[in-house]
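Please find one structure pasted underneath; my questions will follow.
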Amino acid sequence: MGGRIAVVADRIGWEERQLMKAAPDLGLRVEWVNDESLCLGHPDAQSIKDYDAVLIRSRSYTRGGLLATLAESSKIPTLNSAAAIHACENKLVLRTVLRDAGVPVPDFRLVVSRRDFAKALEQLPMPLVMKPVFGGMGKRVTLLRHPDTAHSVYDYVEDLGHAFEQACLVEPFLGGGSVRCFVVGRELVAAAEFESGGADWRNNAALGNRNRAAAHDPDILKIVNDVVNELGSGIYGIDLFRTPAGYLVNEVNHAPAFRAVASATGVDVPSVIGLYVQELLR
Amino acid sequence: MGGRIAVVADRIGWEERQLMKAAPDLGLRVEWVNDESLCLGHPDAQSIKDYDAVLIRSRSYTRGGLLATLAESSKIPTLNSAAAIHACENKLVLRTVLRDAGVPVPDFRLVVSRRDFAKALEQLPMPLVMKPVFGGMGKRVTLLRHPDTAHSVYDYVEDLGHAFEQACLVEPFLGGGSVRCFVVGRELVAAAEFESGGADWRNNAALGNRNRAAAHDPDILKIVNDVVNELGSGIYGIDLFRTPAGYLVNEVNHAPAFRAVASATGVDVPSVIGLYVQELLR
Amino acid sequence: MGGRIAVVADRIGWEERQLMKAAPDLGLRVEWVNDESLCLGHPDAQSIKDYDAVLIRSRSYTRGGLLATLAESSKIPTLNSAAAIHACENKLVLRTVLRDAGVPVPDFRLVVSRRDFAKALEQLPMPLVMKPVFGGMGKRVTLLRHPDTAHSVYDYVEDLGHAFEQACLVEPFLGGGSVRCFVVGRELVAAAEFESGGADWRNNAALGNRNRAAAHDPDILKIVNDVVNELGSGIYGIDLFRTPAGYLVNEVNHAPAFRAVASATGVDVPSVIGLYVQELLR
Amino acid sequence: MGGRIAVVADRIGWEERQLMKAAPDLGLRVEWVNDESLCLGHPDAQSIKDYDAVLIRSRSYTRGGLLATLAESSKIPTLNSAAAIHACENKLVLRTVLRDAGVPVPDFRLVVSRRDFAKALEQLPMPLVMKPVFGGMGKRVTLLRHPDTAHSVYDYVEDLGHAFEQACLVEPFLGGGSVRCFVVGRELVAAAEFESGGADWRNNAALGNRNRAAAHDPDILKIVNDVVNELGSGIYGIDLFRTPAGYLVNEVNHAPAFRAVASATGVDVPSVIGLYVQELLR
C-alpha cells in the first residue's frame, strides 16, 4: 500500500530532500508543492486533491496555519494539525496553553506598546530577552543587557513593526544550555543538548556526550508527554531551557529542522517521519 | 450585588461611553483600561487582577486575541472568549469553521503570493473583492472590477505588506445588501438591513423599514444560532450578505460597534450587554 | 589604454551581461560588484578603490543615490552622477526640476495623506494614475477608473506604506502611447514607440515601424536635450507620453534596462555605453 | 510692511506657538497649515498661494523636502530651501557634502544589507552607534556595545525595515558631550552644551555654565560658518560631538526644536526667527 504525500514548503531544503529520499523504501511518494501556488479555498481545491496527505513544511511563520486550516477543511490528512500549528505559531498562546496545563515555561510579559515595554522593564530584571510573538528561525530574538539602550532597540519595533509584528514577549534571560527534543507522533525520537557560545549570543554547539542521557531523562520525557497531550500527536521540535529549577519549554516548532539533531544523535529522522505518515494513511 | 468591569480598549469611543452610562443602574462599575498598558503575562497580572470581568473592545485587529488569552489564563471572566476572538480575527479560520459546520459562507481563495493571486483571477470571475485575512473596519477591502488593473493593485500587497499582512482573501463580489446582526449571549438582539451606495463602494445606508422583519427572519435566526454554536456565547456583530440563494455569513466582529444598529432599531444595546455581563458574574 | 569598471548591481542581469561581453573589444574590464557588500563610507573604501569607474546599475530604487554619493566622494568617476540619480529616484523632484526648466511634464498632485488624496480626487478628473514618488519597474503604478473604489485602494498606501512609501503622485491618465528614449552622454542613441495593450494596463508592445522616425523627431530631440541640460551627461532612459498637445516627460530612469529598446531598434547599446565610458576615462 | 507666513507642520507644537506669539510685534501673521492637506503639485497651488513665505516645520522626516520642492516651484519664498532640507534629511548626503568641503564629521559606514553590516563590524571597533540614514528625533539611534548581540539587533532592520528604512549608518560611539548650535540666517544665535546621562543613553542634560563660552568658541564658529556655506542661509540646529580631536558635525536639523536651547541660553529664538523672515520679505 502506497501513498502520495505533498510536502508544502517554500523550497526543497535539506530536510525535504531527506524525506524524498527515504520515501520510496516506505512505499511513499513525496512531492514538493510550492506553498505560494496552492490557491486554496474551494473545498475541492485542485492543487491538493490528489494527495493522500499534506505535510506542512513552510519556513514562513505566517502560512502554515492558514494552509493547514484549508487542507483539513478539504478532508486531506494534514500534518501538523491546523490547531497545533496555530498554537505553535503564536508564542504567547503556546506558553499560556502549556502553563495552564501545568507545563513549566519561562515567565514573560506581552508587550504591544512602548508603555507595556516600560512596565516590563520595571517588573523584570536585566538581562532580558525580547522576541516577536510571531516569528521563526531565531530572528529578532535579541538580548537586552543594559537598561539604557533597551528603549532605543524597542524603537525598531515601534517604528518599523506593523500590526502583529509589534507584539513581543519580554522574558528573563535564563542562560544555561538548551535541549532540542524531536517528537514524531507521541514519541521523543531524538534529543540533543546544546551549549550557547560563539560569535552570536544565539549560537549553539551540540554536546554529543549528553545526548543519550537526554533522550532518557524522565523529566524531559514527562514534559514531552505533557506537550503532546496539549497539541496532539504530530511532528514537533520542542526547545527546552535547562535551568537550576529544572527544564522549561521555550518554544515548539511545528515544522522543525532536523539536520543538527539527526547529526548529533545519529537517529534516522526522515525514516521515522515516513513510518509515522505511513501509519496515518492506514 | 455589583461588579467591576474592565473595558479594555485603545480609547473611550461612543460605544464604551454608553456602556459606562448604562452600568450604574445595573449595579456595575465599568472602567476603561488602556490596551497599551496592561503588561499581561504574569498569572496574577496587577493591571487586571481587581476586576470581576474583562470586556475586550480593542479596535486594533491584533491585540484582542492576545489579551483575552492572558486574561483568561489569569482566571478573570473574559468577553469574548479568547477562542472566539482568535476565530473572528482570522477571516480565513472563521469562514472555514463556519463552512465545515454547514453555515453558508461566500466562496473564496486564500492568496499568499502573486502566484495565488493570478490563479484566483483565473478561477473566479470579475468583479472580485480582495480583503486582508487580518484586518478591521473595512480597511483594505477593495473591489476589483477590471482584470487589467488587478495586478497593479496587488503590487501594494506584495511590495508593502509584511508577514501576515500579505495574506488576502479573494472572493466574488456579491452586490445586494447586507444585514448586521447584533448578538448578546446567544440571542439576536437587533438586526438592521443596509443597502450599499454613495461615494465609496463600501458605504451603507440603513433601511429602517426592514429592520423589524430582519430580526424575526427564520433564515437569519438559524444562521445566528449556528454561528453561536460554533463560537460560543458572547457579544458579536454578524455581517450577512443577502444573495438570491439566501444569506451568507461575511464576517463576525468580536468587538462590534453598535451605534448604527442601535439607531436603526431603537434597541438599548448597552443595557442588554450590561445585563448579560451581570448574569455572567452570578 | 584600458580601464577596470565596477558594475554595481544587485545581480548580473541581461544588461550587465551584455556590458561585460562588449567590454574587451573596447579595452575595458567590466566586473560585477554586489551592491550589498560595498560597505562604503571611508574615503578610501577598499571595495571600490581599485576601479577606474563605477557604473551604478542597482535595480533597487533606494541604493543608487546613496552609493553614487559615496563613490564620488571617494573620487572615482561615477555614472550616473549622484545628483542625477537623486533627481531620477525622486519622481517629484524630477518633475519639478524639469517643469521649472520649461520641459513639458504631466500635471500631478503630491499626496502624503488621506486628505491630500481626497483633494487630488476633487481637483483632477478620473481616470487617474496613482504611483509612488519613490519606486521602480512600474510597481504600484495603478489606474484609478472609479471614484467609488479609489479610497479602498488608497487604504493600502495608508495602512501598509511606511515613511517615504506613503508619498504618492496622482496624475491624469493620458492614454495614448509612449516613447522610450535611450540616452548616452548627451545623445539620443535609440528611441522606440510603444502602444499600451494586453492583459495588464501597463503592458506595452513596441511599434517597430515608427522607431526610426522617433529617433529623428525634432520635438523629441529638443526634450531630450533639455532633460540632459538639467541632469548632466549620463546614461538615461527617458519615458515620454505622446499626447495631442505634444510629448510630456513621464520619468527618467537612471539605470535603464535596454533589452526592449535594443531589440526594437537594432542599436548596439552596450557598445555605445562602453565607448562613452572609455571616453570618460581619458 | 507685513507678511503672512504659513508654518507648514503636522501640528502646532511649542515652537510653532512661540513663533505665532512673537509674530504680531514684528508685523507678521503666522498661521499653521497642516502638512497633510496641502495637495501641492499645480504651480498655482491654492493652499499656499496667498502666503508671502512658507516655513517648513514638519516633524515628519519624509515630507519636508517634498513640500519645499513644490513650494519653491510655486515661487513662494521657502525656509529652509528644498536643497538644504534634502541634504539634512539624508544623513549620508549631509556627511559627505560636509566632509568633501573639509568640515570634520565622524567616520561612518553605509549599511544597506547584512553583508555591509558584517563588514562594518569588522572595520570599526565596538562600541558603535547604528542609526537610520533617514529619520529624526533620535529614533532608532542605538548603541551596540557587544558584538554577540549586534546581529540580533540588525534583524529588526532586515526583517521590518522597508526600502529606505533599511539604509543605516554605523559609526564609532564618541561618548563625550555635545553642543547644539542654533543658526538663523548665517548667524549662530545660541549654543548649549549637553552632557549625556540618565536612564537612556541618548539623554542629555544642559550644562548652563558653559553655554556662553560655546557661543563664542572660534572652533565652533568656524564649523557653523562652513556648514552654512554648504547649505546656504537658513534656520538650522547643528549638533556637534565634542571629541579630544575637536568638534565633529553629527547632524544638521532643518526644522529644529528650540525649547531646550532657548531655555539653556535665555535667547529669544522666536523673535530672532521672526526678524529673519521679515528681512527675507523685504
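Residue numbering begins at 1 within each chain, and the chains themselves are lettered A, B, C and D in the order written.
Following the convention adopted for this analysis, a contact is a pair of C-beta atoms (placed from the backbone, for glycine too) under 8 Å apart; a residue touches a chain by one contact, two chains touch by 3 or more.
The shown structure was predicted, so the numbers you read here are calculated from the model rather than taken from an experiment.
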* Look at the interfaces A-C and A-B and say which one is made up of more C-beta pairs in contact. => A-B
* Find the geometric centre of each of subunit A and subunit C from their Cα atoms only, then give the gap between the two centres in Å, rounded to an integer. => 44
* Approximate Å spacing (C-alpha centroids) for the pair subunit A, subunit B -> 30
* At which residue positions does subunit D touch at least two other chains? -> 160, 162, 165
* Are the chains arranged, by touching, as a line, ring, star, complete graph, or other? -> complete
* **Residue ranges of subunit A touching subunit D (in the complex, touch as defined)** => 135, 139-143, 145-149, 151-153, 155-157, 159-162, 165, 198-202
* Asked: If you look only at subunit A, which of its residues touch subunit C in the complex?
  -> 160, 162
* Contact residues on subunit D for subunit C in the complex? -> 34-43, 60-63, 65-67, 69-70, 73, 86, 90, 92-93, 96, 99-100, 107-116, 119-120, 123, 133-134, 162-167, 169
